[in-house]
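Chains: A, B, C, D, E, F, G and H, in written order; residue numbering restarts at 1 for each.
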Amino acid sequence: MMRPVEFREDRCKGCALCMTVCPGEIITMSSRFNTSGYKVVEVRDEVVEECTSCAACALICPDYAVSVWRKPAKAKKGETADVHAG
Amino acid sequence: MKNGKAAFTLPGVLADIPTHYCPGCQHGVAQRLVAECLDELALSEKAICIGSIGCSVFIYNYLKVDSVEAPHGRAPAVATGVKRARPEAAVFTYQGDGDLASIGMAETMHCANRGERVTIVFVNNTVYGMTGGQMAPTTMVGQRTTTCPGGRCADNEGEPIKMTEIIASLGGTAYAARVAVDSVKHVRAAKKAVRRAFEAPLNNLGLGFVEILATCPTNWKMTPVQANKRISEELIPYFPLGTYKNLMGEQAAEGTEVEG
Amino acid sequence: MSGYQDVIVAGFGGQGVMLIGTLLAYAAMEDGLNVTYMPVYGPEMRGGTANCTVVVSKDDIGSPIIHLPKSLIAMNRPSLDKFQPRVQDGGVVVVNSSLVDMALADTARVQAVGVPANEIADSLGNTKMANMVAIGAYAQLTGVVPLDVLKASLKKVISPNYAKMIPANEQAIQAGADAVRA
Amino acid sequence: MSTPGERVLIKGNEAICRGAVDAGCQCFFGYPITPQNDIPEYMSKVMPNLGRVFVQAESEVAAANMLLGAAACGIRAMTSSSSPGISLKQEAISYMGGTELPAVIVNISRGGPGLGDIGPSQGDYYQAVKGGGHGDYRQFVLAPGTVQEAYDLIGKAFDLAFAYRNPVMLLGDAIIGQMMEPVTLGSNKETESNSPDLGWNLTGKGQRDPRLLKSLHLTDGALAGHNLRLRDKYASMEKDVLFENFLVDDAELIVVAFGSIGRIAKSTIRKMRASGKKVGLHRPITLFPFPSRELDKLAAAGKRFLTIEHNLGQMVDDVRLAVRKHADSDFYGQMPGNLPTPEDFEQPILAALGVNS
Amino acid sequence: MKNGKAAFTLPGVLADIPTHYCPGCQHGVAQRLVAECLDELALSEKAICIGSIGCSVFIYNYLKVDSVEAPHGRAPAVATGVKRARPEAAVFTYQGDGDLASIGMAETMHCANRGERVTIVFVNNTVYGMTGGQMAPTTMVGQRTTTCPGGRCADNEGEPIKMTEIIASLGGTAYAARVAVDSVKHVRAAKKAVRRAFEAPLNNLGLGFVEILATCPTNWKMTPVQANKRISEELIPYFPLGTYKNLMGEQAAEGTEVEG
Amino acid sequence: MSTPGERVLIKGNEAICRGAVDAGCQCFFGYPITPQNDIPEYMSKVMPNLGRVFVQAESEVAAANMLLGAAACGIRAMTSSSSPGISLKQEAISYMGGTELPAVIVNISRGGPGLGDIGPSQGDYYQAVKGGGHGDYRQFVLAPGTVQEAYDLIGKAFDLAFAYRNPVMLLGDAIIGQMMEPVTLGSNKETESNSPDLGWNLTGKGQRDPRLLKSLHLTDGALAGHNLRLRDKYASMEKDVLFENFLVDDAELIVVAFGSIGRIAKSTIRKMRASGKKVGLHRPITLFPFPSRELDKLAAAGKRFLTIEHNLGQMVDDVRLAVRKHADSDFYGQMPGNLPTPEDFEQPILAALGVNS
Amino acid sequence: MMRPVEFREDRCKGCALCMTVCPGEIITMSSRFNTSGYKVVEVRDEVVEECTSCAACALICPDYAVSVWRKPAKAKKGETADVHAG
Amino acid sequence: MSGYQDVIVAGFGGQGVMLIGTLLAYAAMEDGLNVTYMPVYGPEMRGGTANCTVVVSKDDIGSPIIHLPKSLIAMNRPSLDKFQPRVQDGGVVVVNSSLVDMALADTARVQAVGVPANEIADSLGNTKMANMVAIGAYAQLTGVVPLDVLKASLKKVISPNYAKMIPANEQAIQAGADAVRA
C-alpha cells in the first residue's frame, strides 16, 4: 500500500503533538513501545487514505519522526528525494 | 510512497540522529528551523555556531557546522569575537532564556547595541530547563518553579522580561521578532523570522534576533500537548508575537508580518 | 567491617529506583546503622537509566561510591547488563524478571534471584509499586534491615499527600519478601 | 529550624542549607548550577517561610555582590555555586577579603576545566586556597568529609566569618553535595553576631558617625598598612585549624586527603590495615589554614606521606611545604571525570609503601 | 550679610570639604542634589549609600551616611543585598555611565526588573571619566575619546544607549526620569526628579531611577562653559529630558514634568 | 608595524602593544582599567588603521569571551586588563584552558585585594600561576623585567599559545606597564599560525567535516582522558622554561625575584657586591613553567635562598618546593601599597646572609 | 558693606559656570589664584548691589563655593542660619 | 656604576614636568646610554602634583624607582618640600626660583641652584617653556647629556603639529643652561 505519511518509530517519543495538528485527526497513539521505551503514534491503515500530505504533523514534530510524501497524482516525475538523505 | 515527492524534507545540515530532548520539547523544532534556514541560504559551509549552556548544549551534535561552546550567557560575546575574527562567516548563537536574559543580559544588550553582524536565536521556554526547572527572568507571574515554589511573585521577583521588545529598541538591531512553534501556522511564520534573522546580518545591516516561544513539558510538569496549549493560552498574550524591528525594507507592522 | 552491605539499585528513570534506595537508607538509619545513599547521575542529563548506591554498615562508612558492589537490584535489562559484571562473586542480584530474561543472570557467579516485580505489583493493583516488591525481596534475601523497619520507613519517603498509599506499598514490600522466602 | 538532636537522612546539599538556617543565615543569594541546585531550591522554599531572604540572582557575579551587600550590613548571609560559577565570584570575593566582610560561600565543585562535567572533582583546591581572585587575601576553606560535617562546618563557617570578619568558603564536591547520610541536627546556633550593631557594619548611621566599608586605599602607605594587618589576621587564623588523624600513631605511611577523597581513602586504609599494612590517614578539614604544624610533627616523627587528590596535584604542594624539613610526599591524582572508589587507591598506597602487590 | 537669611543652604549631610573633581565637573552638582534630597526627606540616619567605581568613587567622603564600595558595575547587586538585609534602610547607588550601562548592564536591568526598593542615581557624562576618557556606551556618535580616537562610529561601536528609556520599560521600575544640571531651571527640575527617585522605593512602589546628564570637561577637552553648553546643544537632543515612568500617581507625561 | 631594528623609548604598555602588533595580533578586546589603559588606547588607534580588529568590550567578562571566540578561529588575539578585571576573566580562562585555545591575556597588575590601589604589586602571582579559575588547567605565565622583555615576551606569548594551543598570560605590574625604556623593535614576527586553517580551528566548514571546540566531556571517561592529556601537555611545557641568573656562580645567597622586583633587586645586589657581599639573583621569567630544575641545581650546589616579592608571599612556595631537597628559602615581602626601591631590600638580604648591618 | 553673595575662594575652581547663569552678569573672573592654583571669580564691589540673591550661581556651582543671602529687607528675623554649618 | 645619574622631576600638573622627563630620557637614549623613565602618579587621580623619575646609566638599570635621588628638579614649592629631604648629600637641586623662595633650599646639604624659569621663559615669549629652561639648566649643571642632544630630542616629544615650537624650546633650553653656566 502507498502510505503518504510514515513515522520513524525509533524517533517518535509519543508526545502526541502531531495528533493535535492533523486536520483529519487520523493520527492515533499505538500500543507499541519503541526501544527507547516510548509509545509511538501511527496512522492506521483504515484511515491512511485520508491523509492529505499536508505535512502539518512533520512541521510540528520536535523529533523529525515524520516523513510525508505528496500523493503520486501530484508528484512530478524524477522528483524522488528521500526525506532523510544527508 | 518513498518514491513520491517529499512533502516535507529534513535539511541536510541537520544530523539524522535522535535528539536528547524530552518528549515534546520544542528545542527540536527550533533547531530544525535553524537548520532549514542554513540550508536554504546555503550557509552551512560558512556558518559558525556558538552553542550556549542549557538543554541545547549539544546543538553541535545536530547541526553539521563548525561550532564552539560558549560559557553560560556569553554566547553573544563569543559570537562577537568569532565574527570580528572571521567577517566572512555566518555567525549565530542559539541560547535559552536563562542564558540570554539572565546571566547573559549585558552581553546580549551590547552585542545588539554594537550591531554585531550575527544572528541570535533565542529559545524562551520560561524556565531553566537543563538544571531542573528553576525560575528564569521570563518565568510567568504565578508560574511555579523549583526556585519559586509558590509561583513567581511580581512584587518580589519582578515581571517576565520581554527581550525582543528591548532588543528591538537598540540601535544596532536590524531585525527582531518573536515567534512560536505551537501551531503549523506559527511554525511557518517562525521559519520566515529565523530566515530574516540570518539575512539581516548577512546584509550587513546589524544584529538579527529571533525569540522562539517554546515548551519545556518536563519542567512545566505538563504533557507535551498541555504544554503546547499553554503557549497560546498563557505565553502569547503576554509575549505578543510579531516583528518588532526590520531594517530590510519590508513592511514591519508590529504583530502582523511573521504571524501570517 | 561488620554488618556491612552495599547495593546498587538501577533501572529506568520512571521505575522509582531512587525512591527505594532512599527507603533502604532510611530503614538502615532507623535500625541504628550507618548508611550512605549516593545517586549516580549518568552522563545524559535527560532520560536514560538512573541508579543509586546504598552502603550500610555498623562502622563508619568510608566510600559512598562502590565500583564492585556486594549486591544489585536490576529493575531492567540495561541495568543488569551494566552492573552484574561488577557484582562481587557470590553477591546477591535481584532481577526484575518481569522485564528481564532470567537467562541473562550469571547464576554461576552470583546469587541471582528473579522476582516478577511488575506482575506482583500489578496483582496488587499498581505496576508502579514494582520497586517496592524488589526492595522487599532484597531485604528478605540479605537481611540488611528487618522488613518491618523498611515498612515503617515508608512514611519518610512518601510525601504526606500520598500517605494513603502507604498500606499498599507495605503490602508490596511484603509480597516481594514472600516471593523469595526460601 | 531544626529541633536539637533531630536525626534525619539528608543530602549534603540539604545539610548545608539546614546548617545555615540553624546558624541564623538571614539572606541567601543563589543561581542554578549542577550539582548544587538543591541548595537554592531548598532555600527558596524555606527562607521566605521563616521571614528570611532568598534571591535568585541574575548571575553568580550578581549573587556574590548581593552577598557583599548583605555582609556589609553585618547580616549572616551566604551564596552557593559550583566551579564555573565560583570563578565568576572571584572579583567579589577579593573585594570581600579586602573590605573584611564576613561572608559564606559554598562551592559544590564539579569536573573542570571549563564546562567539564557535573561529577565530583577537587580541581578547585588552588582557587579556593591560594585565592582565585586578585591580590593578597585569604579565606577560610572548610572541606567536609561527611554530611554531618557539612552541617556542622557551615555553622562554623558563619562563626569564623564573623569572628575574623573574613570570607569563608565551604568546599565540597558532587559526592558531598549529592550523597545522603544520617545527620544529627540542631547543634548550629545563631550567635549574637546577627545583632543589629556590631560596631562596624552598616545599619544606617542613626545618631552615630557614618561608617564606611571599602577596599580602596590611596593615601600614602594606607594599602601597605592594610595588607600588613591582613597578613597578621591570616596568620592568626592558624589557631582555628581543623583536621582528622586516623590510625596515624603506628603508621609508616600517612595518606593525606581531604573531603570526599579523605573518606574514601579511609575505606582503602581500613582494608589495608586488615592485611597488616601500616597506613594511616591525615585529613585536613580546614584547607586554609592548612594543618602544616601537625604534618610537620608527623614528619618529624619519621612518617612518610602520600597525598591523594581528585585532581592533577594541588594540595600536594601544601603537604610538601609542610613536611619539607623532614620528609616529602608522593602523589596520586585521580582524574576528574572518573568516580573515585576505595579500590583506586590501593595500588598507589602499596607503591608508596614500597610494596609490589 | 551672614546674618541675613540664606537664599541657598548646603545640606547638612554634605561634608563641607573641597571635592576632588575637576573644575566644572557636574558630579559636584549631582551629589549635592542627592544630599539635598537626603536632608529634605530626613533620610541621613537610615540611608545606606552604595558607591561605585568612577570619578565619584570618593562619594563616601562627601555624604555623611553609612556607605559601602561596590565593585565596578555591581552597585545594583550590592544595593539589592543591602536592601534585602536591611529593608528599613533608604538604599541608593550613585553610578557613572561606564559603571551602570557597560559592565553593570545586567545588574542594572535585573535590579530594575525585580523592582528592588532602591534608588539609582545615574550620572551620564558620556565617557569613562576616572580612567582617562575612554568611550562609554553613552558616548555620542562622532565624539572622540581615547579609545575611539576617530570619533565613535555607529556602524562599528553602535549608538549611545538610552538607559532611562530601557529602565522605564521594565516592570519593576516605579520612577524613571532623565534630567540635566546645565541651567538653573534644569537643576531645579533635577532636584525634583532625584527626590522622586528616592520617594518611589520608600513608598514601596519599586525602583527609583534618575539619569543626570553631566559634563566631564577634562575628558571632553573643553572648558567647563563649553562643556556645559554641549549638554543642551548635543546631549539633550539625543537624550531627551523628562519623566519616563512614574507610578506615584502624578501626571507622567513624557518630556514635560521634570523639565518645568 | 615596526621597522626591524628600530629603537624607541616607550612605555611597557606600548611595548606590549607594538610587540603584539608585530607578532601578528589580529584582534584586541579591551576594557579600561588603570594602569593598563595605554594598551586599549594604543590598540584603538593602531589596529583599525592596519585593518585589524579593536573592540572595547562591555566588560572584562565579555572581553575574555570575545577572545575565546577569536581564538577558536585560530586567529592571533589578545586581551588585557589589571587585577580586578583579570579576576572577572577567570571563568573564560578556564574555558580556554579546557578547550585548548591559543589566547594571550595581559595582566598589568595593581595593588589589591579588592579595589586596592593603582600602584604596582605582585599580589596576583597565585591567581596567574596556580589558576584563579576552576578546574585543573595551567597557563603559561611570562613575567617581563624590562620594557624590552615586555616587547619580546608578548611575541613569545603568541608563539607559545599556538605551539601548545593554550592560554598564555603576560604578567606585569604598574612599573613594567608605566615605565619607559629604550626598546629595539622588529624582532617579533607573525608566524604561519595566523594562516586560515590550522587543522583544528573554526573557519566555516567548507567542504570538510565540521569542527567542534568545547570543554564539556560527559561520556564515560572522556573528561578523565582529557585531563590526562592536559596533564601531559602541561608537563611538556617545562622545555620552554625561561629565567635569568645574575652573579650566581660564586654567590652564597641567591635572591629569587621576578618581574620589576627582580630588576630592582638587581640594583641592590650590584650595590652589595660592591661591598663584597656574595649575593646573586635568580629571576624566573616563566612563572609557569617554573624554573624548578634550575633552582634545584643551585640548591644542590649549596646555595641559600631569599625570595623577595611585592606581596605577602606567594612565589616563595614554588621556590621552597623547588629547593626542598637541599635547602629552604627565606622570604621578604614588600607590602603592596609601598613603592619598592633597592634600599628596601638591603636589610632583608643582609639578614638572610646572616650579617648584622 | 553688606554682600548678598560671597565666594569661598578656597573652594572656587574658576570654572566660570556661575558667570554664565547670573542674570545681572555681575560675576567676573578675578586675577587672583587660590592656594590650589585656581583663578577665582568675584562680584566686584561696584556691581554687588545688583545682586538679586537669586542663587542661580549657587545652584549651578559644582563646588559649593557660593553663599547667597536674601537682601535684609526680605529676611525674617531670627533666621540666621549659616550656610555652611554642619 | 659609571655614568650613573638619576633625577626626580616634580611640579604642578600643568607645568610640563612629564614632558621634560621624557625629553631627558630620549636624549639619554640618543646619547647611547641606558635610561628609564617612570611617571609616579600619586594617590589623587585628579589634580595635585606630578612627578617622574629618570635614571641614566652606562650599565643596565636595575630600579626605575628612586627613593633617595642624586638630583631633583623642583618646579614648585610642594615639590621642593617633598623631595629635597630625600636628595643625597651633595646632590644637584634645580629650583624654579620664579615660584619658590630660595631661602627654602637646603644649601648646606645639597647643591641647590635657583633658576627663575618662569621669568626666563616669559622673556622668551611663553611662560609655558619654564620646564625647558629648567631642564637646560639641569643638563648644564650635571652634564648628564650634551645640550645639543637634548635639543635634538625635542622632535621626539613635541608632536609634529607643534613642530614650529621647536626653535623656541631650543632657545629656552639654551637660556636655562646659560643661566647656570659657572
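Here is the rule we go by: a contact is a pair of C-beta atoms (placed from the backbone, for glycine too) under 8 Å apart; a residue touches a chain by one contact, two chains touch by 3 or more.
Just so it is clear, the model here is predicted, and its values are computed rather than measured.
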Among the other chains, which touch subunit B and subunit E together? D, F
More C-beta pairs touching across which pair, E-G or B-D? E-G
Averaging only over C-alpha atoms, locate the centres of subunit D and subunit F and give their separation in whole Å. 29
Between subunit G and subunit H, what's the gap in Å when you average each chain's C-alpha atoms? 40
Taking each chain's centre as the mean of its CA atoms, how far is subunit A from subunit H in angstrom? 87
Distance between the CA centroids of subunit B and subunit H (whole Å) is 63
At which residue positions does subunit D touch at least two other chains? 34, 58-59, 61, 84, 91, 95, 99, 114-115, 117-118, 214-216, 218
Can you list the residues of subunit G that touch 2 or more other chains? 36
Contacts with two or more other chains, residues of subunit E listed in rising order: 21-22, 57, 69, 71, 102-103, 105-106, 109-110, 114, 137, 157
Would you mind writing out the residues of subunit G in touch with subunit E in their complex? 2-4, 6, 10-11, 13-17, 19-21, 36, 38, 53-56, 58-64, 66-72, 74-76, 79-86
Can you list the residues on subunit H that touch subunit F in the complex? 1, 22, 25-26, 29, 34-41, 43, 45, 59-68, 156
Within their complex, subunit D touches subunit E through residues 26-27, 29, 53, 55, 57-59, 61-63, 65-73, 75, 77, 91-92, 95, 99, 202-207, 210-216
In the complex, go through subunit B and note every residue touching subunit D. 53, 57, 69, 71-73, 98, 102-103, 105, 128, 131-132, 134-135, 137, 146-150, 157
Within their complex, state which residues of subunit E touch subunit B. 102-106, 109-110, 113-115, 137, 154-159, 161, 165-166, 169-172
